[in-house]
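You will see chain A twice below: alongside chain B first, and alongside chain C after that.
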Partner chain A sequence: MSAVPVTIRRTVELQIDGDAVRVPEGSTILDACKARGLDIPTLCYGETLTPVNACRVCMVEVEGSRVLVPSCARKAEDGMVVRTRSDRVDHSRKMVLEFLGSSVDLSTTQHVDRWNREYGAAPERYGPPAPPAPEGARDRAQAGRHHAGDGQTAATVAQPVKIDNENYVRDYAKCILCYKCVEGCGTDWQNTFAIAVAGRGFDARIATEFDAPLPDSACVYCGNCIAVCPTGALMFKSEYDLRQAGGWDESAQTVTETICSYCGVGCSLELHVQDNTIVKVTSPLDHGVTHGNLCVKGRFGFQYVQNRAPGADDGA
Partner chain B sequence: MDLKLLDSPPTTAERDAVDGVLGPPASAWVGGERGADGHAALGGHAARAQRHLLLPVLHEVQGRIGWISPAALGYVCRRLTIPPAEAYGVASFYALFALEPRAPLVTHVCTDIACMCRGSSELVAELERTVGPAGEHPGNGRSIWLESPCLGMCERAPAALVTRAGDEAHEHEIAPASASDVAAALASADAPSPPPPLVPQAGDPSLRLLRRIGRVDPGSLDSYRAAGGYAALRAAIDMGPAGVIREVTDSRLLGRGGAAFPTGRKWDAVARNPVRPHYLVCNADESEPGTFKDRVVIEHDPFALVEAMTIAGFATGCERAFVYLRGEYPLAWERLSTAITGARARGFLGDDVMGAGVRFDIELRKGAGAYICGEETALFNSIEGYRGEPRSKPPFPVDSGLFSKPTVVNNVESLINVLDIVLEGGAAFARIGTEQSTGTRLFCLSGCVERPGLYEAPFGVKLGELLEMAGGVAGGRQLKAVLLGGAAGAFVGPDKLDLELSFEATREVGTTLGSGVIMAFDETVDLVPVLLRIAAFFRDESCGQCVPCRVGTVRQQEALLRLASERPRGTVADELALLDEIGQAMRDASICGLGQTAANAIDSAVRELRVFERAAG
Partner chain C sequence: MFGAGGGTSSYQEVEETDVIFLWGSNARETHPIFFHHVLKAVHAGARLFSVDPRRTTSAQWADAWLGIDVGTDVALSNTMAREILHAGLHNREFIERATTGFDEYAASVEPWTLERGQEETGVPAEIIRDAAHAYARADRAIICWTLGITEHHNAVDNVFALINLALLTGHVGRYGSGLNPLRGQNNVQGGGDMGAIPNKLPGFQDVERDDEARAKFEAAWGVTIEPRYGWHLTQMFEAMERRELRTLYVVGENPAQSEADTAHAVELLEGLDHLVVQDIFMTRTAELADVVLPASASWCEAEGTVTNSERRVQRVRKALEPPGGARDDIEIVCDIAARMGHDLGPPDAESVWNELRSLSPMHAGMTYPRLDELGGIQWPCYDEQHPGELFLHGRLWESPISGPPAPFNVVEHAPPVDKLSDEFPIRLTTGRRLDSYNTGVQSGGYASPLRRRESLNLSPEDCERLGLDEGELVKVSSRRGSVYAPVRIDETLRPGLAFMTFHFPEEVETNVLTIDATDPKSGTAEFKASAIRVDRLSDAERTGQAASQIAVPAK
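This part shows the complex of A and B:
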């Protein structure tokens, strides 16, 4: 066996909020901030995905840069002077949170209430929300054309939820257009390319070709898009149905870790169980085999576990 | 790549349109019917390497069929091995592509700010009365009219663009356009002969960039050469690439597209970059409202651009170049295509340019109605067959640009300056203009001036002098405001007529020359609708990638609508403070220049002209 190659990673030293920080070369500013224990809000950032720096909530000030820079994507450099809580930074974060909060349903997005308080974001100050778009209207929006209204209501992406298969739903009223599902479906992981960003501007949306239903699209139901969705726009149908019925209760759920039994790869599964029923399946993002990804069998093929004989006791 | 395509075969016409661009399929497998499972996994790297043909193919389908059907898109995807969701994402990005059946004849009527000063609102009102509402078929079902952002015909405002799809597809501009012109165009689309250039200084011996306009035949290489054409390329070849870059650096030429980056430094960085190949891209996606300079140059002196690009490619080691021309310029497209073909036929492009062993050629690409594609990295994505979304910088184009290779990207006006720099030397060029802004500048005068048109003047000319050259305010009325630099620029009041037009002097007073727009508004123009149009423009043209711009442009428009209707949330001052907050976030946190400048004109109107404070009494 040949010798194990030794890689010596260079480090870079930068200043964050006045403190010197040393991180391995290639780290992002966000990595460096995390190493300092700083809490930088992120939405489109995913630890298993290529940064797209689209949400702009993680912006920081870098001395010498005319504009703020996205900490999730910008590499740390020697001598960089970074400020994570300047007035400009706080203002931008507040506005991004307001822009999203006033146009998107963030009711199932983690941390948003805390961030709104921390940055003084008040999404309601843009006025009452405009009525939701009829089914399919946003999917037919033509680039470069819009209906302006009178400004008395705030435009939103509200629209009916798309339910076209038994596995998961797409509630694009909750979509912040973070691109993570597109990346997970595309070159970052699955290479299926069933979805892409379509349209332009405020009418930009995640879509299959011509808004075709998922069963007609290239979707293979791996659910890796659900795994990376930060807002609950993509959701197990089982979770969606429970939420609709008012029965979703995370405090009553347990998580059972196991290994997928379908093939020899050995993917880790986390079975989320409520009332002795599997309500969704995830895999740890930091798992060396899956990086959070599964295939349709591991993700959705769990019904056999809980098939109960007619009349049998509910397992209690 | 395993593709899953929607289940419908293209029509013969659709197939012909696609094959017309890509050539016939290499085998029946590619072009033929797919398997029963709906999957196709053919084409491989060779097909995927042709992805940059996606935009030209979509243009062809749109032009021949009048819309891009699911079946046509599916066939395109199969030929180029592109996932249909991605191709749909690209097609739906552009305003000029229809993804639902549409009338074959479409007249796009400009309702942007320069045309607003010249009666576009009345034109639209008359069309609504006589023809019908925008987008609706007037009786025959064969034609519609649509409102359009700036068509870049501001010197002949109000303008319209007629596009006819079908086997005899063609496009032409009507400017100035009346309601009866538009109605006639909707009835039949015979193209009128193109008008002469509106360059009021034509023939003035002091002209440099415009000296051949109107004096050479734009279709004739001989005419261009008789006027001194190709002397610069000969001189460039004699001095060698390093010599050319030295002269351009010494000239201190700053980019004319809006960002004013030193051209010499850009060229030098690419020339020194060891990564190959290098690409040259000419940004002719002139879409800034009020800008028409590049169109006039290309329409009337296309060989100048071809020659200048050849010099740029020679100097920076690029063998392949692209011109990205905006889709709304049919005459410029036709003339530049002819010039490129003509130059190639005579050995001024190709494997052995001018017999000097220089390999260089130019491909033309057409935008499809997206202002954002004028942003250089969005432009690269558009050429490569992706959505025209800007990339994050760094890396900068000189390191990683088109096809992720070192790329020189220059505006048309920047490039044609190089001809005289090579002939006269950089030092002589640097003596023209001001200390920091060397050379002359093309100024697009439009709006309420007596003689709108394209003007050339040395940097340092005063704003008032330029307006005088254009005959002053039309009808002898009082000047109310001037918009400098287009929708991404800023308004100044009549107190700024002494403003020296140079990069440094405009920067000092917090405004910009941008793309050379000088749009005058007289006392009769209500600026509030102008601001609303600018806000609508940015909302329409935001690519949607980043939150500050995607939502900020909407919230900005909503606040303006409330101010305009005098129904503010809270007080007028509250709304102005909100606009300021929105603008600050867009400026600080947007990915690209579009979002960063989307509040500038509105901000300047509020601060400098106090538009809403007056309205509030």
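This part shows the complex of A and C:
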């Protein structure tokens, strides 16, 4: 019987904050930090995505390196000396958190309040936010035509939320341009390429081709972009509507793992249920079948079990 | 195949193979997350071949599209086999050690020159040659198929034709080489595993030939099991036709809309003495029933297991309370048994599963805690130390092999039953679209921006020849009946080929057109090949039909 090929992995030893750490060759500095139980903030990092080094919040200091390095992408090397909490590192993280916090709505981004406290970041010191851009204005912005702010208010990406279909909404006032949705839609997983980054500098934004509404774009509604979005810029409409109505309550939700009811691939689903109603569907990132990805039927096709006729619950 | 009905490879192997054939499968739309694994392979340099009459969204990712004429799969396979043999690319050592029937097979494919193959299949000879060489020369190669292979009158022969190619080249039983039917429903595989097929007890133990297994089940269940194969669905309908089958208990199936030649199927169901339907919906079939047993949705309102296309048994769990009156299938079955005077034991999923484990050796090691811990287990799994098997039939690579050798099966090309003629000159094939599913009972429940109503997809050439515009309502007729559908111009189709789904039976009953010619070996109907004609409507017909079309909401 021919055997399953075995990958033999060597290990490397590095020093993190003074402690020796041994990790498998190919691990990143972030992997090594996690193995040590260290809490490194990350935003654009995704365990199922190719690192794009966009957000710069996970930077660490490596001895011998002129600049800070992104721990999520940089491979651990034998003999490397890493500092995760030097003044330089803390100052850099504070700056990133302030720039993001002053220009983007991070109200649904996990951990941000804690990180702000930890790194002494005060986004509000950049002034009150400038008024939001009118609908579509940021989509029409042209490279090289950006006007500097007035110095009194904080420039922001605030703009009206885009709701053009029943499945998910795009609230780009919350977008930090981490690229995760682009990666998930692109070569990392879905390979549909419905979205990319358009524009330059502060006018850069995630866009469909020619800013077409989603139903006119290449989007196939797999929702794999929502699954990786760290800020809630992309959100299930079911979650968005509940939040708008003040009814979203994670403490009242259960998450149950089951298997999709459609084709025979066997995708693992996590059903988020509130008041006996499925409010969103995710898939575990570490599941070998899906790696956290689903198709439109798995992600949104559950509705048939809860299109209940009025009175049906009374046994009618 | 070779005694166990399941795909031989794992999804992980698909990512690491060198050549992939998607044969009669549009996995990009019908198995989207499986296709992610295919794309990993493509990005890593694997060559992808798509064998499909339509240039599907899967074919658009392929290195080569083998756009065969509908129903010429055996011709293509035999032509590839002859080319492999004549180029000396067959795996002599493997054939010698692990197979039987090679000489007869080799002789049977000898007439299939590339020229004849091209003539019969419509695929250019050089592309057949390239595909044959790529498959035979690869270190690792996987063939995947779906209903494009099995929904034909010669379904089993089509599958044999693919198995023959794997045996000829040794592309089975090794990591990264295998044969994989992609299952169309979330528990088609599990249904087979659990004995919901007419010839097997759970765990693929033969009900007729395996006396020992039968005795084991008889002892456990306290009943006598007749050593006799049952009927599959098509045979049941034949028995209804003969008025031999008078009572039917349908669980989670909608044959009144999913069977080929719908009108006839409904007539037979209506003629039964007694029809019981257990379903989560009041389906068309349920409307015909004497008794309807409302069931809970097995994947989110009940506990249990399902098995996927890589033989992975995974747990489904209860996340929702079912609507009032709807009950777990297990409870319903246990209650019915109790009324009949049998105690089937406690009506809970884990007890049922543990009984199964005690009777089906290939599931013996799959305890619920292990299924949780390992994220599912791929059968066979004989004991609680066994991790399950990534791939099957490694025994064929032992020297000498353990167990019986794998047989070549001589298969002859047999074109579709529903012949094209001057009266019915267009070949209609059917399939699924990404966001919809079967008769739409489930997928009709959610809002999809991708969803378009049913249409008759035709090639731009045919539309021009017939003078048809996009969206124009036409009459589509086969030898069995007619439906009205709007035309959609579809550039993925070649002249003479039409495509429809059966997702919107309330709007267009596509299965009025399809033929119930079935494969005598598997009972599968030839949904993939009907002969049709397309007629323009008179103004009066158009007005009348358009009104009734619009009156039916898109589901």
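By definition in this document, the second predicted complex is superposed on the first by the 307 of 316 C-alpha atoms of A that agree within 3 Å, B and C clash if a C-alpha of one lies under 4 Å from a C-alpha of the other, contacts with A are read in each partner's own complex, and residues count from 1 in each chain.
By definition in this document, contacts are C-beta pairs under 8 Å (C-beta built on N, C-alpha and C of every residue); 3 or more make two chains touch, one makes a residue touch a chain.
Quick caveat: nothing in here was measured; it's all calculated off a predicted structure.
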Touching partner for A:R117 - first (chain B), second (chain C), both, neither: neither
Partner chain in contact with A:C267 - chain B first, chain C second, else both or neither: second
Touched partner set for A:L214, first chain B, second chain C, both or neither: second
Partner chain(s) touched by A:E166 [first = chain B, second = chain C, both, neither]: second
Partner chain in contact with A:H287 - chain B first, chain C second, else both or neither: second
Partner chain in contact with A:R125 - chain B first, chain C second, else both or neither: first
Which of chain B and chain C A:L177 touches, first, second, both or neither: first
Shared chain A contacts, counted only where both chain B and chain C touch the same residue: 191
Residues on chain A engaged by chain C in the complex (per definition of touch): 1-5, 165-167, 187, 189-191, 214-215, 219-222, 254, 256-268, 271, 273, 276-278, 286-291, 293-298, 300-308, 312-316
Complex contacts: residues of chain A adjacent to chain B: 52-57, 59, 67-68, 70, 73, 88, 91-92, 95-96, 99-100, 102-103, 125-127, 140, 142-146, 148-152, 154-155, 176-177, 191, 193-204, 207-210, 212, 216-218
Residue numbers on chain C that touch chain A, as the complex places them: 11-12, 16, 30-34, 36, 39, 43, 61, 173-175, 182-189, 280-281, 297-301, 306-310, 312, 314-321, 323-325, 375-376, 390, 394-395, 397-398, 434-435, 437, 441-450
Chain A contact footprint on chain B (complex, rising order): 1, 3-4, 6-7, 70, 73-74, 83-89, 92-95, 97-100, 149, 369-370, 387, 392, 536, 539-548, 550-555, 557-562, 565, 567, 569, 578, 581-582, 584-585, 587-591, 596
